[in-house]
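Here chain A shows up in two complexes: once beside chain B, once beside chain C.
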Partner chain A sequence: MSEKPVDKTKIRSAKKMRDLMTTYYLDALSAGQNNKQVAWITSGGPVEPLVAMDIIPVYPENHGAMIGSAKMGEDLCAKAEDMGYSSDLCSYARTDIACAVVKGGPIGGLPKPDMLICCNNICGTVLKWYEVQARFYNVPLFILDTPVCHTGYAPEIAEYVRTQVDEYIVFLENMTKRKLDHDKMTQVGKLSFEAQHLWQKVLNTTAHKPSPMSAFDAFFFLALIVTLRGTPAVVDFYKELIAEMEQRITEGISVVPNEKYRLLWDNLPVWYRLKWLSASFSAHNACLVADTYTSAWCGAIKYIDENNFLDSLAQAYTRIYLNIGVDQMAEEMLDMIRFYDVDGLVMHSNRSCKPYSFGQMDIMNIVRKQTGIPVLMIEADMVDPRSFSQSQVETRIDAFMEIIKQREK
Partner chain B sequence: MIYAGIDIGSITAKAALIKDDHLLDTIVLPTGYHHLNAGIRVFDTLLQQTGLDRRDISAVVSTGYGRASIDFADKAMTEILCHGAGAHFLHPGIRGIIDVGGQDSKAVLLDDQGRVENFAMNDKCAAGTGRFLEVMARALEVELDQMGEVGRQADNPSKISSICTVFAESEVISMIARQEKRENIIAGIHDAAAARVAILAAKIRIRGPVMMTGGVAKNSGMAAALEKRLKMSLIIGSLSQETGAIGAAVLASDL
Partner chain C sequence: MKEIDRFHAAVNDTPATALHIHRAGRKTIGYLCSYAPEEIIYAAGFHPMRLFSSRHEIILAENHLQSYCCSLVRGILEDSLAGRLDFLEGTVFPHTCDSMQRLSDIWRMNGKYRFFADLVLPAKLNTKSAAIYMEKVLTRFKEDLETASGKKITDTDLSEAIAVCNRIRRHLFFIYEWHSQHPGVIRGADLYALVKGAMIMDKKEAADLLAGVAGRLEQSAPPAGRAKRLILSGSVCDTPDIFDAVEKAGGAIVGDDLCTGRRWFDSLVPEDAPPLSAIAQRFRNRMTCPAKHAGLTARADTLVSLVRKHQADGVVFLMLKFCDPHAFDYPYLKQVLDEQGIKSMAFEMDDQQSSQGQFSTRMETFIHML
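What follows is the complex of A and B.
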């Protein structure tokens, strides 16, 4: 009998990544038994001080993505609505609030937090969401308020946020009854900086034609930079992943067979439809080579001073993609369109994520005017499948690809 | 050479034949439950009435919601592209299309070659579609094809504020209970639906001349409400409903 042929298009590092995430969640779930504290933190929150103080960070948003991918979003969203929350509320918030009560989802709910860290650089919903959870678990909540930088980073903003970073450290010292070890903080900062650099390098590999991986892979490999940045594991893993991507490039292995069209994705993924969306685009020989979402975890690297991490943290966390003006967002998108040399832009108008979806019409018009590439708008939701209509999206994707193909003629 | 286009919509199935850049004939039949059967029926009936045989047809393109079910088609293409090609075939100067069909409505921007530049579709809500009008016609006991005529006799159009079809229906029912005039309610319905469609046109910054296609183009009240909203006149041909099928046949000749 002959051996089963190895599928060369599969990314081998995926298994290791899954193992790392499993270990991380097992550690987090058993934190109480190991006398470790758990902090829930927003996806855009400054996690490095937590890592430096040996507190396990847990991300309700990453958990929300897991719930979406596991197609468990509908029941949990409905449960939250039963509890009285509006169906217009973000589906990450809805599933998290419901999960805390019913202990549902793919891992039976998150470990109970000892404290909550909420940074509003990603949205305003997190404020009320974390207040709800602070009441439910009866634990202290720290809020880091980062004003929106519509045009630039004013000195008033710098001072305002920098002061809060000091308060954040004091909060953590009070919670742990330990002083922050500044040497360790520096070390964690350097690791975080390096991890963000490496993550950017991972994403940059898709500029190669054909692309060795797609945005759908980036959505998956993203979990590590979100949850474990500041630890050596992330640095080691992304080095391996880059090596694998470079090898794929050398061997000419593409993620979409016969890649002919290259696309850019905007907004969060539609977690419960990743496979279907990937197949729908692949059927047109189109690869989503890049996205604005996963690059948000390395987009502010230019503001980080690795030798003075705590001081630069304020600016780096305030000037992230979702906390800047629409003009600047469009600029960043235009840069990506050029760098990845894409033929079209796919925008997910995400019912859940208002700050991400709000400026899309304007950005769409700017992109069309500046580049002339076709832009597709898909209405959906990242976790709640009730906001997704397959036949509608199918027709839109087909028509969008027809337009791109027609342009070649 | 003869080419065929088959458009399987949510309510009606359409077919068209073109020969040497001339339109031979078209047909419209109800779709029913089975998309493939509807395709076979509409295609064979059209061949029968033109005295042709399947062997006479060089290529077939299918379109509409049931496009993927038509297994005998050479290619399936979206109704967006087909309406563009159809409108360009019928009226080469057309630069914008407003297509209101049974379950969706869309606005399409064309370049001077009839190629699609941009489009916008309604989200998964039925407001502003043929289905919306159908629900309202039933609630008001008016034949669907009479709605345009009745609505145009309104003296004081009612105001429908609900966006959702289901809520709008209950709003209409409460108007019936208040004994508002049927003509006025219908005019209000047309205006509410037109408002939804006008948003799509604005999204793509539609430019004239604009053709209205799809089954709802036959509703003169809806067309008038749209013209008022868009502040431009719409070109509505006698083949508005068949435009997608005609475009499919045109694209079949390009295969």
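What follows is the complex of A and C.
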């Protein structure tokens, strides 16, 4: 009997990543038994001070993604609607608000928070969402208010956010009744900085033709840089992942077997249709090589001073991808189109995410004008499958790929 | 009342109103929400005018904003793209919700008007650092306006502007109170035309006319009827038919926390403090927009106290479709009202659709329950 052949296209590091995330969630779920405090924090929020103070960070948005991937979004969204929340609200928020009450979802709900940290650099929705949860759990809420940089980083914004970083530390010191260990903070800052560099390097590997991984893989490997940046585990893991990607490049292993067309994805993933979308594009020999979403967790690295982390944190967390003007977002997208040498742009018009989706049509026009590449816009929602029409999206993908194929390369 | 007709006329033809004011020497700066510091715009020699959707069919804005964007934001962009706002010298976008934030970008990128400013106010209103920041944002805005107008804005200019705006607020406050004590003394549709008109007309003219209205209303006090006393809660209600429908169903509007109502004129700017600090102080203390954070219970506290103060029989939530900040607050506000034994109903509206029939039916049912 011959051994089962090893699927060379599979990324080996995926298993280790799953293990790391399982350990992380087990730690978080048993925080109470180990006398550790839990802070819920928004995906764009500065987690490093929490890590430095030994508080376990938990990400409702990551949880929302898990719910979406597990295809449990519909029930939980409906439950939130029964509670009076409009079906037009963000599906991450709706599922999380419902989950807190019914303890549903793939892991039976998140561990109860001791405090909430809300940074509004990604949207105004998180402010409302965290207010809801602060009332539900009756725990203190810290708001890090990062004014939108429509056209630049004004000095008054810099001063306001920097002051709030100090307020944040004081808040954590009061919550833990401990002083921040500045040496540890420096160390965590350096690890976070290094992890963001490595994450950028991971994403950069897809500039190679054919690409060793796709945006769908990036959506998966993203969880670590979101949840655990500032810890050594992330640094070690991404080093291994880069090594694996480099090996795949050397051996000529691509994620899409006959990659002919390269695409850029915009907005959050459609979590409940990742496999289907990946297969639909692969069937056309198309690989989604990059996306604007996962790169948000290393996009502001240019503002970080690893030797002066807390000072530079203000700017780095305020000037992230979503907290800038639409014209600047278009510029960043054009850079990506050039760097990854893509043939088309796929935009997810995401009913759940207004700051990400409004402005997309203007960006689409800029991209068309400046690069001439075809653009496809898919109407969907990241977690709630009720706004997704598979047959319609399938038809549109086919038509879009036909246009790309007809274009002279 | 002929004074009230003037308000209706201004509301019904904003370009003509703007043109008239321009001829008298003030160019118009449009603003998008009630956190716009009208006093600074006025002190700079411009005319501050609130923008609303004229509710034309959405055609041009379809190329910029998806269907799940609220009708107010899409409607205002449609008006701009269709040239219906060509009377504007410029616009200012105070930062509130995600949709307005992106409208500001799209608006700026279209670059149709001479003057443009983002007023990136803090989202938090209840900390010291946010207060300091807010004042700096206002200072920057003042400087931007000085550059645009080519003249310095003095403290005297600001104090005069504050005085005019406060006069409008005082008169509206009096009219609201009088109407609450004597429902029926003025139609709801007229009451809200006074507020909307005051956002659109020349400030001094509005203040003078409102003084006249207040004086005349004070002369009449119709006997207490049997109408059920209601508080309206929500964001923007720009549909006069709604007010008629409330009254027709047997209701009287005795108060509100609307952005097109009390929230716009709530609280005075202190006249004995440095002007910009005073303007910032009012923004922190007045009724809160749910896109801002003034504490976890601020909006519920305000709503319950409105109900108590005006001895209301119930609350009507007017929800603008796709308005996230209000939709997030609704379940909590309803819960607090339920706990206090205050009845409420919620109605979802869209600027583009006339849902008056449905609203009337719901209203009648609700009034019967009270």
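FYI, the second predicted complex is superposed on the first by the 408 of 409 C-alpha atoms of A that agree within 3 Å, B and C clash if a C-alpha of one lies under 4 Å from a C-alpha of the other, contacts with A are read in each partner's own complex, and residues count from 1 in each chain.
Quick note on the criterion: a residue touches a chain if its C-beta (ideal position, glycine included) is under 8 Å from a C-beta of that chain, and two chains touch if they have at least 3 such contacts.
Treat the numbers as computed from the prediction; the structure is a model and nothing was measured.
Shared-chain residue A:Gly325: touches chain C; no touch with chain B.
Legend: residue contacts after superposition of the two complexes on their common chain; A:Gly299 is shown touching neither chain B nor chain C. Residue contacts after overlaying the shared chain place A:Pro111 against neither chain B nor chain C. Shared-chain residue A:Asn120: touches chain C; no touch with chain B. By the touch criterion defined above, A:Arg135 lies against chain C but remains apart from chain B after alignment on the C-alpha atoms of chain A. When the two complexes are overlaid on their common chain A, residue A:Gln164 makes contact with chain C while staying clear of chain B.
Of the two partner chains, chain B is the only one that A:Glu402 touches; chain C does not reach it. When the two complexes are overlaid on their common chain A, residue A:His150 makes contact with chain C while staying clear of chain B.
Residue contacts after overlaying the shared chain place A:Asp362 against chain C, while chain B stays out of touching range.
When the two complexes are overlaid, the chain among chain B and chain C that reaches more residues of chain A is C. Residue overlap on chain A between the chain B contacts of one complex and the chain C contacts of the other covers 361, 379. Partner chain B is touched in their complex by these residues of chain A: 361, 368, 374-375, 377, 379, 387-389, 391-392, 395-396, 398-399, 402-403, 406-407. For chain C in complex with chain A, the touching residues are 63-66, 68-69, 95-99, 101-106, 108-109, 118, 120-124, 127, 129-130, 132-133, 136-137, 140, 290-291, 293, 296-297, 319, 321-322, 324-325, 327-332, 334, 348.
Chain A contributes residues 83-86, 88-90, 93, 120, 123-125, 127-129, 131-132, 134-135, 141, 143, 145, 147-148, 150-151, 154, 156-157, 159-160, 163-164, 167, 325-327, 349, 351, 354-355, 357-362, 365, 379 to its touches with chain C in the complex. Those residues of chain B lying in contact with chain A across their complex are 65, 77-81, 104, 115-121, 123-124, 203.
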